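Quick heads-up: structures coming right below.
Next come two complexes, and both contain subunit A; in the first it sits with subunit B, in the second with subunit C.
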Partner chain A sequence: MASVRAASRLLSRRTISHVKAISTQYPVVDHEFDAVVVGAGGAGLRAAFGLSEAGFNTACVTKLFPTRSHTVAAQGGINAALGNMEDDDWRWHFYDTVKGSDWLGDQDAIHYMTEQAPAAVVELENFGMPFSRTEDGKIYQRAFGGQSLKYGKGGQAHRCCCVADRTGHSLLHTLYGRSLRYDTSYFVEYFALDLLMEDGQCKGVIALCMEDGSIHRFRAQNTVIATGGYGRTYFSCTSAHTSTGDGNAMVTRAGLPCQDLEFVQFHPTGIYGAGCLITEGCRGEGGILINSEGERFMERYAPNAKDLASRDVVSRSMTIEIREGRGVGPEKDHVYLQLHHLPPQQLATRLPGISETAMIFAGVDVTKEPIPVLPTVHYNMGGIPTNYKGQVIDYTDGKDTVVPGLYACGEAACASVHGANRLGANSLLDLVVFGRACALTIANEHKPGEKLSPLKPSAGEESVANLDKLRFANGSLRTSEIRLNMQKTMQNHAAVFRTGSVLKEGCDKMDDIYQTMEQIKTFDRGIVWNTDLVESLELQNLMLNAVQTINSAEQRKESRGAHAREDFRDRVDEFDYSKPLQGQEKKPFDQHWRKHTLSYVDPKTGKVTLKYRPVIDTSLDEQDCAHVPPAIRSY
Partner chain B sequence: MRHSKLQQQVLVLYRQFLRAAQNKPGFVPRIRDEFRENARIKKTDVMHIEYLYRRGQRQLEQLRDANTKQLGSFSKPERPAETL
Partner chain C sequence: MFFLRVWVSASKQAVSRGVSVESVLTGCTRAASGTATDKEPLRKAKTPQGRFDVPEGKNKDVLEKFPDDVNPATKEKGGPRGPEPTRYGDWERRGRCVDF
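Right after this comes the complex of A and B.
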């Protein structure tokens, strides 16, 4: 104790007397690899060791230790048509996913994902992932939202493979353990600042080492972005504080578009107050949502699927119940999730994690009382646009063009498998399938040890200049104040139900808040472990994501999937699918909304420009798996 | 006066750094500057020295890695000292 006190006295004396000119010389270490992966969550790790397995010299740059990435918090499970609980076919899973996406998903990417699903789950099982088992030792599959048999006509499907209710935790730890077998170089606690782009080609990444404040440029022929989502643009979300959309922002600053950012999923069951997630698996195991009258209200909104309807349908139903005065609690502003009618040992074996979460965050014993829940921001369907192989694309002259050297996978990417709404347990599947797809595409198109294309010696200069500006920022508003303003604005103006006038007001407010970034004030002038600086950089990234989200939402004048407009309640497709197609005239591209939004931002002014790109309606093999033509979506 | 154990370790680290940086342009001046700079730390400030030593070992590992190629720098004109 005495030595610690003495040491701290010495340290404090040292800092007070140490007044020297603060160095503004930034040492830049150059590294050369065959491939660099940004992000070490489920998708990043799978891509990184997939590349190492194929013989590529790979670097994995991550701001968090791999097992701390947000994948670890995923609870529900991973969908695959293994057929362990009943007969199953991946084409039924394909149909469910296309329907779940409200026909905004690209059917070739969905075909790829659902066909690869059983192989992906078996691969994970071979890596040692401890799936829950049935009596005869096969992988236990539970019911999950939006999953059906025989193209929607055969009742509820049980195809979500799970590990009790901590599937993401197991998945990430399994992948991390597996990745140690390969010789990937990990750069942990390195914050990626920007992409190194030259002549429209991505030549690497520039990153800040948080430990010693040095800048590192990772030159590589292939860059994979797997940085996750941006839940933290909202005040109440289930995401970690580190979900700040860094990859989306890096791509935006490089002048490339982001796709479908207005589609933000509100998970029906986030704990009221805390925002912590209660998995959909609870409803899969038999849990029900009840209102103040004790009624299972989902029977009215989704007569067939009831509580296991798609997440956007359930979130909207809950919001309507609360709005019509049937909410619970003193403020009548949430509903209950009831689990105490289930046998206690089923709760203990299949749902141990949420039993504990409910006790800690809501003070509720799930075997006796219901859990208070509210729709909470959970997932971003949108992200960096890619094709089904994982290559990042731009849309010029009416065609998709591949950006050479750049790939994306996971929540950061938009392949687009989830379209306007994601089905539960499809995200973990998306991570492993497209993480592997990026590695396979790179292995097909390139060889290990390829010569790197030349790079300007001053590449990355603007990123360092921005870093320096933020480090010495001396305005009037703290980072936390600007962040709170942004979060409250997004929460109030771009929530479950959206209205034109409220969205417009939100866009103007967000524009003002974007301008206030000029008056940001940081306090820590050092370069070693400067968390004030890193949080400010993350805020810059969040801002770019937030302005694109709210502007895209304001422009989209229809309701589709998770984007529900009060003033435009219907889906606007090229035909009216509620009536027979005979005799209907196809609407031109600019008069319907079954298209992807591509958003660009000018980082200096915060002005958002929008373009639109058609949805891919053909599967990879029409003979094997015919595409699903659009129809009215009801559960 | 003989060097203490800790001083000897730091000198060994310095030698290892210089050897590792031989064929990689740009590192040697920075290594020299860092060690010169930190030589000002008092001998008795063991916690600080050991922290820098551990950090130095990690940086040495990275320097030795075949993928680390060179060191450059981005710099701004010197600012006047901030009064605290």
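Right after this comes the complex of A and C.
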């Protein structure tokens, strides 16, 4: 009540002196909950209703309606060692995931995820998710890349469970429908600005209500961040316009690190402009990549495999062609995928629907013109560092310390189950397992209705000041211009082709672009549904993610998983695993690269500081599931 | 009822003017009685063909549904329509690759 009265007093003061006042006052509403979840995608919804189910008074703060989160685009399936198609063991799934991560994944988190996988999928199925079935009525599982039996020696495993071709959509709707059974309070279209941190403890979130411009402070004993990835830092990405890494940025501004941001997954053929990916089957059926000279350039880079070379080889070749000036289009920044030399009947039977896709997304008739493509971002392995229970950690004095009151799950978190490279179908699994893990951890360690620790009345002042500054920004560069500069720089310098000089140049350019944020200009001065303001806030978040990504990539002098460098082509571990270990001396921690990068940013200057944290090599229970010692990763 | 009385008085005046109000009266009684005992069927309103209206029979999806939703090759029930999405090593759907 006091805050409402104060707000009305402020409002009345505003109307009297609004002519002279530069910054306006905002009505602030305070809320108290047991737990607040930021983000309502797969992981956020699972955490929110897990907490509500356990009796906690939970708020779910999201800038999008839950069923509009980017999880809806994940059409593939979820991996789980259910053993419906052949005998399967979750320990084989564990091995595959550890190997896929190029031994940068924390094996205790991977153990947790793969062991919980069958239970998680069965739980989803019990919630009503309509998985496809075999004749016997069991969940149908199909083969997908990177999954094997008997620790890689037993052939292809069938582990991917799906719902027709809309698993992510179905998952989101199932979870949302389920969450409505419990009394979670949804705050939809509230943009979370910052964490409320005091004495190193997270005491809640401050958010802007987009509908009426009021500021809301959510005080809670437990905060869960599930805000998704940050694909929009790159010019070409498959993610929604809303994938802006808000959670990572909030954590960075709170002085906490982000982990392994340099590991970004690329796909070679994404449609220029739209960002949708074209299947590798196009090249498998005979499609070829050509540059501005009409040359089939893959013949030079991979004389035997040509266009069917592995994804990273194709992506790098395309990038090198573009860098050397043989790109196509007015800005010479992409290449062409040619399919019109193939008989149209063959295209229609082998790849049904491709002509519509090409027409809708690229505006080309695939039987006459080539499709413009370039390497496209589709997943961010890095994020907020957590332990296997979902608690956010910091690395001080040589050990992991838990940040009280703060948890993270989903693509925003880095547990780290994907390590340096994510296997397909593991991402949806990661969402549900760690969303549930956060809810379970909170339920174990806290009780509903616990008294909240006191919070300074001025908490969140800086966030409001920043908001106010952006709302009345009157510099020389529009938000869209700065954003495009950042995206083009990241695409040119921190994409697939990474080498020392290119990365260093990119770091300097990003530094300059970060400084140009001071000259940002916004046009909408209103308070109701101010998308200009929200986009500028998102740009601030993207910037923090981008500088950390490119600086971490520049410092990591090796090639591991998705981070491949031309000047350091090999993995640099503590031992050389390509030779027998006997007789080898273990390299000291600061001379090898099998470690997690932790990046901190000073938000005022944009300066990035890096620290390193060792990989957790032991599983949760060595008797039950032995850890996998590092080896050379070859398939 | 008031309405009917007004009409009746109006029709009386119309009769004096020589206008046939039989049909009007029957219409009123029809409305008053509440049941639609139509001698002629009600005509459907004709809306103009919209720009985006697809005439019947043209809206065939390129990916056809399996009979009973069961894939004949793999016996999968409720699975993705059309050719197997994972046949090229990624998840292919209408030429697009989906990441998940």
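What we mean here is this: the second predicted complex is superposed on the first by the 507 of 635 C-alpha atoms of A that agree within 3 Å, B and C clash if a C-alpha of one lies under 4 Å from a C-alpha of the other, contacts with A are read in each partner's own complex, and residues count from 1 in each chain.
FYI, contacts are C-beta pairs under 8 Å (C-beta built on N, C-alpha and C of every residue); 3 or more make two chains touch, one makes a residue touch a chain.
These numbers were taken from a predicted model, which means no experiment stands behind them.
S.K.: What is the contact status of A:I215 with respect to subunit B (first) and subunit C (second): first, second, both, or neither?
M.R.: first
S.K.: Could you look at A:F131 and tell me whether it touches subunit B, subunit C, both or neither (first, second, both, neither)?
M.R.: Touch status of A:F131: second partner only.
S.K.: When the two structures are overlaid on chain A, which partner does A:G284 contact: first (subunit B), second (subunit C), both, or neither?
M.R.: It touches subunit C, and subunit B stays clear.
S.K.: Taking the superposition as given, does A:F144 touch the first partner, subunit B, the second, subunit C, both, or neither?
M.R.: second
S.K.: Name the contact category of A:C162: first (subunit B only), second (subunit C only), both, or neither.
M.R.: Second partner only.
S.K.: State whether subunit B or subunit C is in contact with more residues of subunit A in the superposed arrangement.
M.R.: Of subunit B and subunit C, the partner in contact with more residues of subunit A is C.
S.K.: Of the two partner chains, subunit B (first) and subunit C (second), which one does A:A254 touch, if any: first, second, both, or neither?
M.R.: The answer is neither, since A:A254 touches no partner chain.
S.K.: Which of the two partners, first being subunit B and second being subunit C, lies in contact with A:A240: first, second, both, or neither?
M.R.: So A:A240 meets neither subunit B nor subunit C here.
S.K.: Applying the document's definition of touch, where does A:Q25 land relative to subunit B and subunit C: first, second, both, or neither?
M.R.: First partner only.
S.K.: I'd like to check the shared interface: which positions of subunit A are touched by both subunit B and subunit C across the two complexes?
M.R.: Comparing the two interfaces on subunit A, one with subunit B and one with subunit C, no residues are shared.
S.K.: Across the complex, what residues on subunit B touch subunit A?
M.R.: For this pair, the touching residues of subunit B are 30, 45, 47-48, 55, 58-59, 62, 65, 67-84.
S.K.: Show which residues of subunit A lie in contact with subunit B when the two form their complex.
M.R.: Of all residues in subunit A, those touching subunit B are 7, 10-11, 14, 16, 19-22, 24-33, 57, 59, 185, 211-212, 215, 457-458, 460-461, 464-465, 468, 525.
S.K.: Could you pull out which subunit A residues touch subunit C in their complex?
M.R.: 73-77, 130-135, 140, 142-145, 160, 162-165, 167-168, 238, 265, 267, 269, 276-282, 284, 350-358, 361, 378-379, 424-425, 427-428
S.K.: Inside the complex, what are the residues of subunit C that reach subunit A?
M.R.: Residue positions touching the partner: 62-63, 74-100.
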